Amino acid sequence: MATFLIPLLVLCPLAASLIIFISTGRMGARGVGTVACAGVGMAAVLSIIVSVILLSGPATGEVQVTLWPWMHVAGFSADIAFMLDRISLVMILVVTIVGLLIHVYAAGYMQDDPGIARFFGCMTLFVAAMLVLVLASDLLCLFIGWEGVGLCSYLLIGFWYDDPANTAAARKAFYMTRVGDVALLCGLLLLATTTGSLRTGAVLAAVTNGQVSASGVSMAAFFILAGALAKSAQVPFQAWLPDAMAGPTPTSALIHAATMVTAGVYLIARLHDLFAMAAPVMALTAVLGTLTLLVGGCAALVQSDLKRILAWSTISQVGYMFLALGCGVWQAALFHLMTHAFFKALLFLAAGAVIMRARHEQDIFRLGGLRHAMPGLTVAFVAGASALAGLPLVTAGFYSKEMILSGVWHVRFGLTRDWSVTGHPLWAMALLGAFLTALYIFRCVFIVFFGKPGTVAAGRTSRLMTIPLGCLCILSLFGGVIEMPDTLPSLHLFSALLDPATPLSHADEPVWLVLAGAIVPLAGLALAWMLWGRPSSVMHGARTGGGLDARHDRLAIWQHIPDRASTAAGGLMRAASVRVFTIRAGFLDMLARWGGSIGDRGALLLDRLHNGRMRWYAAWIAGGLCVALAVAVLS
Amino acid sequence: MHALALLAAGITVMGAIMVITRRVAVHAVLYLVVTLLALSVVLVMLGASFAAMLEVIIYAGAIMVLFIFVIMMLNLGQPDSQREKEWLRPRAWLGPGVLAAIVCMELLYCASPLSGPARLPVPITAHDVGLSLFGRYVLMVELVSFLLLAGLVTAFHIGRHREGGH
Amino acid sequence: MNALPALVLLPILGGGVAWVAGRIRPVPTPASRDAAWWVVLATLVMETLLLALVTFGHQPHAGPWLAHFSMPWLPAMGIAVRLDMDGLSLSLIWLSLVLCFPCVFLSTRQVTVNAGAFHFLFLATLTGVIGTFLATDLFLFFFFWELMLVPMFVLIATWGHEDRQRAAMTFFMFTQGSGLLMLVSILGLVMAHYRTTGVLTFDYVTLSRTPLSPALSMLLMVGFFMAFAVKLPVVPVHVWLPAAHTQAPTAASVLLAGILLKTGGYGMIRFNVMLFPDAASRFAPIAMGLGVAGILYGAWLSFAQDDVKRLIAYSSVSHMGFVLLGIFCGSRMGMQGAIMQMLAHGLSTAALFLIAGAIQDRLHTRDMRRIGGLWAAMPRLSSAGVFFAVAALGMPGLGNFTGEFLVLLAAWHVSPPLATVAAAGLVPAAMYALRMVNRIFLAAPRAGLRPGPDLPARQMAVLACVMALVVMLGLYPQPFMTFSLPLPVADMTGGEDGAP
Amino acid sequence: MPAFSFNDTLVLAATMFSVGLAGVLVRRNMVFMLMSLDIMLNAAALVFVAAGARWHDATGQVMFVLILALAAVETAVGLAIILRLHAHGRPTLDADAGNLLEG
């Protein structure tokens, strides 16, 4: 039964998207909104049904369905095939449920935008592509979803195409993710060459039973990591995500918080057997993850644009997930992915509502003191913020971050045969990251909601928008209980769900580990209160924030490096190609022109010969005679 | 080379040179007639008496007379010969002269290896020429008649509008 | 009567009738112009039916070929009118016919000045192309190779845009010059065959079995390669393509991009890799290097263009680089990838040219700096434009990606670094495609420009069919792949009544 | 009959031919060109006859007759053209002036 439902699951959003695109505006804004929400809603319902079927089945059961043979060629075969197992189960639940909530919110948020048909068309297409990515069992079929998601993010970032800056940001996003896609493609090519087929099962089996050489495995893992890094905007490729905030807020919420950026995490989690065999790549993932979470934290600390703060915070949180993947605890990564989807979506939607009501003002220093004008939004934002910071016991963020921290603490990297290093330094830096997270998010909360009143808020948030906010509040606060650290009543529902085979309980975990994880966010909150919360500190210039901002500016400088590098690269490329074009045009056209002028000069010369005078011709004949005779005589 | 042969050859060459160097057309034509007559003498010495006679009768007799007749009609006066003088300045004839000299040298150089024994040429009488003319070459004679007809028609046609003159 | 000669001659006869129809009324009233158009449409429909007949009604006595026809032409020289159809030629002929329909619907209607002649030349080129795909007699192949060149030259020279004379001349010079090189190779091959076996024949099948010294076979192969390299546009000899594409009228540039480039690819498969297998394998590294160079160079150059058609032309140089890479990979997978890439490129680039032509008809300019955003004014045209631009940049799930992936996989078997560089070519491909989209479709509308009407529903339906084909080529290419494989030379026993 | 060897006649013909050639090249007056042309023709005819004498073959003289006919026709046409040009108001008879091909 499930085999029939899975393709239907993907078909619903796809059909909704086609309907919206083909109707091209004949349907009103409300009609488009309902069709979109219906499409994604159907997908959500189906995914719940399918998950119930799967969970009722055997523990390690999975559902395979092959739709049709895609490419069957000598030496390689690929099919359009879907697979539902516990990892993709979690993902489709996250994608469809969060997606549904965001679509409902967007129906209200975008209703007075003329291009709403195009917006919802792209959004539903995005959900369809994401579902293909998550459900694909053939890595090449996953690549369809992978690029489809990139295309939709390009179309949605550049949604308000009137402003060239938006479309430039969209193109930049697509180019950087495209670089990653090429790397991923090379990885797939390498795997396809060695194993002949890209079915996940076949690939993992070939890797585990040693059919692929060690260097091949690490090379493939490296390529796939590069692809994941670009798609999830990690350190070398993180410049495009802050600019991607140019898109409408629901887009930022759905694509750049909940789903697309986590695609990389999902891919590595899906291929964790492959990565387990490539120890150096695992270490690299962990290091890059840590680096990203620090860079993200610092950058978010100095942003003045509300949405950019959230963008950098996403980069930082995904950094946590990569750190977890690097340390081998991919279950923790997925758990954090789920909780992150909830509270980050909540933050983005709340921010969107705030911005809309503050007449599209995004600078936090000009927003100020909105808690009286928008009490509901304040509660939502604070809930999201606390979950993001990971305030102990009461928020989901705490549990997922705790799981990662314990995983990182217990890992031991076997870089080479005899030299292995424990995860303690990484653990310390992760803890610092948690502190920074709490700091920047509560800085934003205090400045926006508790500072002196800035702009006057207008209107009310429509009902359509408040419902999703409510749901997300509940999820981000209570979503974490399903996975408790051991010291507390050890409840491991989530990891049991994911991978029943390997229990994650570390009995000998020191108590102070959990305490550290709990105290650090509170410390961050306290420092933020001291710097930006107390009315006195706000007095002497909110922008400097008691000197802390200035120092962090320097720290944040070098997070712009890749940003400047990419714009420079683009400019260089454009200038180079223009110069080459002129050179090419110069070189080859000169060749053609030069050839032409020879012809003209030659013709002119000959023309003078035929001047019609007989004696001149006679002379030439005599000359010819002389030459002929000379040749005849001499040779 | 026998004295008479040398004399005839010398007159032919001198006549030819005089033809191309005269300013007045009539003098040139007369020198040409002298050249042709000397040439017929050479032909006789070659044993081609029939050809010599033809040369005298047709070439010197008919064609040269035609020449004289036309030149008289053109009644080239003093300005013409003055212009000829101006046309004959060294700048004009130096180039072609050199070219002609080169051609002459090359021809002479080519001719040298063919010097066979100076056998007494057995004269070829009109009888032999007549036999071969209307034997093997009867078709060619027909063609020549066509040629003559064409020449006649052209000369007549071009000359016809002399007084109309459009 | 055997279907093959009818398949070849029908277009040119139709063209003749169209010309006459166009000239019946001296003054070109709309009726007379439409008459020619209707005749062309009828011809195309009949041609499609005939092709369907040949495709599905498999002729029993044709031996290994799908269809075979042979008639002595110059027995003294061993030249016969020999037409053979196998999977490869059939799929490319289907591509040509499929492209002619949108071409006829979208662009040939706008041709006003002596439409009859235009349609005649249009169909004459089609005859030349179909002949090239079918001929298995080297002399007949060369005859059709030159035949398809002349009407295209006249099309560009008379109905082209501002700088058409120079473009037509460069196009003619390049193709004609290289064609002569091919003629020399053909004659060389025939002579070599004659000297060793004493049999004078131009027949492809017998010639493919001539014993050749490595040096001679490499020389002959390179001679053939030059002609096809100019036509395919391989990088150093592609100079004629941008000029010819930019100046050609819409219908001609669709024909040029959609079909004529494929004759280069077809020629390489049939007359390079299959006729001189060992020489081709020795020549493969160079050819693959040229292919990758083409991919990067074409993509980089199209990034810097301001003229829409020139941009699309350079993009085809880039895509054809993949074809070249695929053909010389030496594996069946590479060959299938190259064929898929040719089919997909044919559809997507032809559609892009149709859209560029439509833009030029409405705004009378091709300069992207002056066009500005069209999404608000012409949503249908722009959405089609965005779709095909996305197809051009190799979005998986659409036609181009299938071809490119198979080519890259085959190249990876041969040399991973080369395949990585070729894969890196996908990034600039995305760059030029999206730059184009963001300059003429998804951009702020230009104030001064008075936008024309959007695409009528009928034309949009035709484009929708092409879109469906591209998606089908992307998601369900299996039938195309098994269907369009060339007949390997080994079991080409040749029809019973092969040339003497 | 004193001997006139074949080689001597060739020398004579060569000189006559080159003199005639010089005449054609030098003189701009068409009449003189015609005359020089005749000299060249005779030089050629002389060689034919000498060859006929040398190998005792009448063909030499046959060719001589033909050359005569040719010379006659050529002179006739040449002079007709000269008369036409002269009467037509071109006193100088300059060979170079007549290069514009109109009537």
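Order of writing sets the chain letters: A, B, C and D. Residues in each chain are counted from 1.
To be clear about the criterion, contacts are C-beta pairs under 8 Å (C-beta built on N, C-alpha and C of every residue); 3 or more make two chains touch, one makes a residue touch a chain.
Every value quoted in this text rests on a predicted model; they were computed, and no experiment measured them.
Novice: Taking each chain's centre as the mean of its CA atoms, which one is most distant from chain C?
Specialist: It is B whose centre lies farthest from that of chain C.
Novice: How far is the middle of chain B from the middle of chain C, if each middle is the mean of its Cα atoms, in Å?
Specialist: Those two chain centres are 71 Å apart.
Novice: Provide the C-alpha centroid distance between chain C and chain D, rounded to the nearest whole angstrom.
Specialist: The answer is 65 Å.
Novice: Round to the nearest whole Å and give the separation of the Cα centres of chain A and chain B.
Specialist: The mean C-alpha positions of chain A and chain B differ by 103 Å.
Novice: What is the distance, in whole Å, between the centres of chain A and chain D, each centre taken as the mean of its C-alpha atoms?
Specialist: Distance between chain centres, rounded to whole Å: 98 Å.
Novice: Which positions in chain C are in touch with at least two other chains?
Specialist: Not one residue in chain C touches at least two other chains.
Novice: Give the residues of chain D that touch two or more other chains, as numbers and ranges in rising order.
Specialist: 21, 25, 28
Novice: Find every residue in chain A that makes contact with two or more other chains and list them.
Specialist: Only 615, 619, 622 qualify.
Novice: Have a look at which chains touch which and call the overall pattern line, ring, star, complete or other.
Specialist: Chain contacts: none of line, ring, star or complete; other.
Novice: Going by the touch definition at the top, which pairs of chains touch each other?
Specialist: Every pair of chains meeting the touch criterion: A-B, A-C, A-D, B-D.
Novice: Quick one: in the complex, what on chain C touches chain A?
Specialist: 170, 239, 300-301, 303-305, 331-333, 336-337, 373, 375, 379-380, 383, 390, 395-397, 401-402, 405-406, 408-409, 412-413, 416, 419-420, 423-424, 426-428, 430-431, 434-435, 438, 442-444, 475-478, 481
Novice: Residue numbers of chain B touching chain A in their complex, please.
Specialist: Listed in rising order, the residues of chain B that touch chain A are 95-96, 99-100, 102-103, 106-107, 109-110.
Novice: Give every residue of chain A touching chain D within the complex, in rising order.
Specialist: Residue positions touching the partner: 611-615, 618-619, 622.
Novice: Show me the residue ranges of chain D that touch chain A in the complex, using the header's touch definition.
Specialist: 21, 24-25, 28, 33, 95-96, 98-101
Novice: Can you check the complex and tell me which residues of chain A touch chain C?
Specialist: Against chain C, chain A makes touches at 21, 24-25, 68-76, 80, 140, 143-144, 146-148, 151, 154-155, 158, 161-164, 167-168, 170-171, 174-175, 178-179, 181-182, 185-186, 189-190, 192-193, 573-574, 576-578, 580-581, 584, 588, 592.
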